[in-house]
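My questions will all concern the structure given below.
Going by the order they are written in, the chains are A, B, C and D; count residues from 1 in each one.
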Amino acid sequence: MKESVLIVGAGSGLSASLALLCSSKNMKVVLAARNIKKLDSLKKEIGAETIRCNASDIKSVSNLFKKTDKIIGTPNLVVYNASLRFHGGITELDSKKTQAAINVTCFGAFLVAQEATRRMLKRKSGSIFFTGASASIKGFAKSSVFAMGKFGLRGLAQSLARELHPKNIHIGHFIIDGAIGYKPYGSYQTINPDSIAKTYLEFYNQDKSAWSWETELRTSVEKF
Amino acid sequence: MKESVLIVGAGSGLSASLALLCSSKNMKVVLAARNIKKLDSLKKEIGAETIRCNASDIKSVSNLFKKTDKIIGTPNLVVYNASLRFHGGITELDSKKTQAAINVTCFGAFLVAQEATRRMLKRKSGSIFFTGASASIKGFAKSSVFAMGKFGLRGLAQSLARELHPKNIHIGHFIIDGAIGYKPYGSYQTINPDSIAKTYLEFYNQDKSAWSWETELRTSVEKF
Amino acid sequence: MKESVLIVGAGSGLSASLALLCSSKNMKVVLAARNIKKLDSLKKEIGAETIRCNASDIKSVSNLFKKTDKIIGTPNLVVYNASLRFHGGITELDSKKTQAAINVTCFGAFLVAQEATRRMLKRKSGSIFFTGASASIKGFAKSSVFAMGKFGLRGLAQSLARELHPKNIHIGHFIIDGAIGYKPYGSYQTINPDSIAKTYLEFYNQDKSAWSWETELRTSVEKF
Amino acid sequence: MKESVLIVGAGSGLSASLALLCSSKNMKVVLAARNIKKLDSLKKEIGAETIRCNASDIKSVSNLFKKTDKIIGTPNLVVYNASLRFHGGITELDSKKTQAAINVTCFGAFLVAQEATRRMLKRKSGSIFFTGASASIKGFAKSSVFAMGKFGLRGLAQSLARELHPKNIHIGHFIIDGAIGYKPYGSYQTINPDSIAKTYLEFYNQDKSAWSWETELRTSVEKF
């Protein structure tokens, strides 16, 4: 049977690269996003399925996995790529939007991991990967919203690695330290999403005798 | 004018010790909690004010600060001590309770910090302290709920330290690595809340030439 | 009997502040340094003893403690403050000087901790503190020499905290994140050594129910 | 021209796996160790060169690189794999052996990195990898010797990553969290060195748009 991947929070950057790479390795691809229209050309290019999903909504995530069950069964790999970020000094931030951002960046990952784990434990194998950011390990000034979400996501990933690695479910947390893109952003070098996707796949193919749970990726010229 | 402290998430352990210590240093004390009945004897003992508050509710926190304004004006010290934790494997956890726990442990701290900062920036001084746990820096197996909340809280605190220290608002994050209590819990040594409170007050009295933003506290016999 | 402190790597900055503060708390002070001439005025001011010592030399450290035994017996507090640093790209650095720097910054701390522990274990109490730097947790470009020494020192301190806290010997590691001084250095704010010394003494007086092993200190306007 | 690798501190475990894997990828292999007799069969198997070297000795490392120059020129990849460890409470440890251990585990890495960088900067490319351990990030009780060496090594690696990544020299630091072996050690699962070697090679082949500098590897059943 073909291996399969479910990417939640799919868009045009890293998730598109991941979808293309997985597809090139003969994996069946399902893409979930709030707005699936933007996924149309990718869908056609690789024969992926797309499912509308609000990753921070309990019911929506439950439905996502029920639909995924019918298309590919239990995915071999689930990638949580959704996040919501905005900057601002603590006194300028909107409270409701802040709560919504924590829900997308962190709580949604919990929901997706829960549904994925329920299925993977039955099959006794699987990989669940989370996309982090510089803000996963450093709380920058005026970035408290993103720091709460991404620190929280890292706490989830680390806890799940300890719980699930012994059950043959591989957890990966990737700290993407910089903006993703194919071209420099002015004088700023961006991280090529194809290169990131390659590292995700290498993690996915690690032997369980030597599993990583986390790595950082940045351009060679990034200050850190 | 008397210095003052607002403790959010007040109960019988650390927050009571802090209230007593602050009061003994001649500070005016306001205690906020969902259930303020349990604070009655403490209230009488030190002449504190108590305010009912749901720390994860936007409106409730807004009201808390309006009431506090009338009683003590802008507090010199605000301590966020609220948290909600429960254990369980990822597949056993209730999604709604998990979301509520993140809201109390992390989002409520954001709300309280926001209201406090608005006032402290006008006065150009203040201290905002957050109570962390072992789970702030280590995601234990079956502790994903607490890890999400406490990692997120630490991200908030670190981000605020970078934003607000230059504006003369001192941020403190305390990793309390163990159970708090006055007596051993079976063979397990607990951390004396009076000793923790002492360290909070020492942080509060640090000169801004040499501010800490974080420290860990555990018993001398704790494994870590 | 009077409490006592031994400060190794004593000079004019933090160690002088510590010596003065300890003396003001009625502690007997012994100061050790390669060059003890520079300690003359401090020695007179507080009635301290000074001992010549090369902290990275096995025999010299052994002699230091034998002399200290006769003057104050086993010190209640031992502070390791010696370090050797210089900057430079990896290809420009002198190998022998690099080795000497690691020996002073890290290996010497081991020697001092070993001699101190031998004595403190007999008395069943004591505190051993190590002075770290920004380089203890961040390896800056062109700072590999200092990073090796200070990372290594932190590894020593953390290991000793795990070994010795249960034996009632308190280990403290202080990350001094910035230059120490009483006046700004151009537009750069320095950390007041008296303020640092105050935090050392507060650590020293912590109750063993709630021991820290590490904290960071920086000015309120420091970027980090 | 063939790519090449120099492995310093070569023995029978990880370094042998790395040598075999590099050789299978058509890389020329040079192995350096204090005792090169033990490398004889590996040498024959893959047509490697072996060079006697004491990695903590300035002159010996200088000679190693002069010999390497003649055999393979500037290596594309240099791996520092040497370390010296022993356990013991702080009061039981031998001071001279402790110093020697720091020299092998940390200072020798500096020497090797320095010689390698001098050459790689001229060619404007290269990779320098360091083998870490659990003790690189956690100072265990009675493990102060190894903690000093491995923390120090990590400080070196992080500093060099910041200095040399912008100059197209890729630094890798690998935290091998557990014992290496092909078979369980009693009930204890070991990390397969072939699996570790695979991750080293994937790092080596990373595109500089998305470089890691560090990752951790452990078995799926390791507690951490």
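In the analysis below, a contact is a pair of C-beta atoms (placed from the backbone, for glycine too) under 8 Å apart; a residue touches a chain by one contact, two chains touch by 3 or more.
What you are looking at is a predicted structure, and each value in this text was computed from that prediction instead of being measured.
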Distance-maximising chain from chain D - centres being C-alpha averages: B
Mean-CA-position distance for chain D and chain B (Å): 45
Gap in Å, rounded to a whole number, between the CA centres of chain C and chain B: 32
Sites on chain A at which at least two other chains make contact: 162
Touch-based graph of the chains, sorted into line, ring, star, complete or other: ring
Chains touching one another, given as label pairs in label order: A-B, A-D, B-C, C-D
Contacting residues of chain B [partner chain C, same complex]: 162, 165-166, 168, 170, 189-192, 195-196, 198-199, 202, 206-224
Of chain D, residues touching chain C in the complex: 58, 89-91, 93, 95-96, 98-99, 102-103, 106-107, 110-111, 113-114, 117-118, 121, 135, 138-144, 147-164
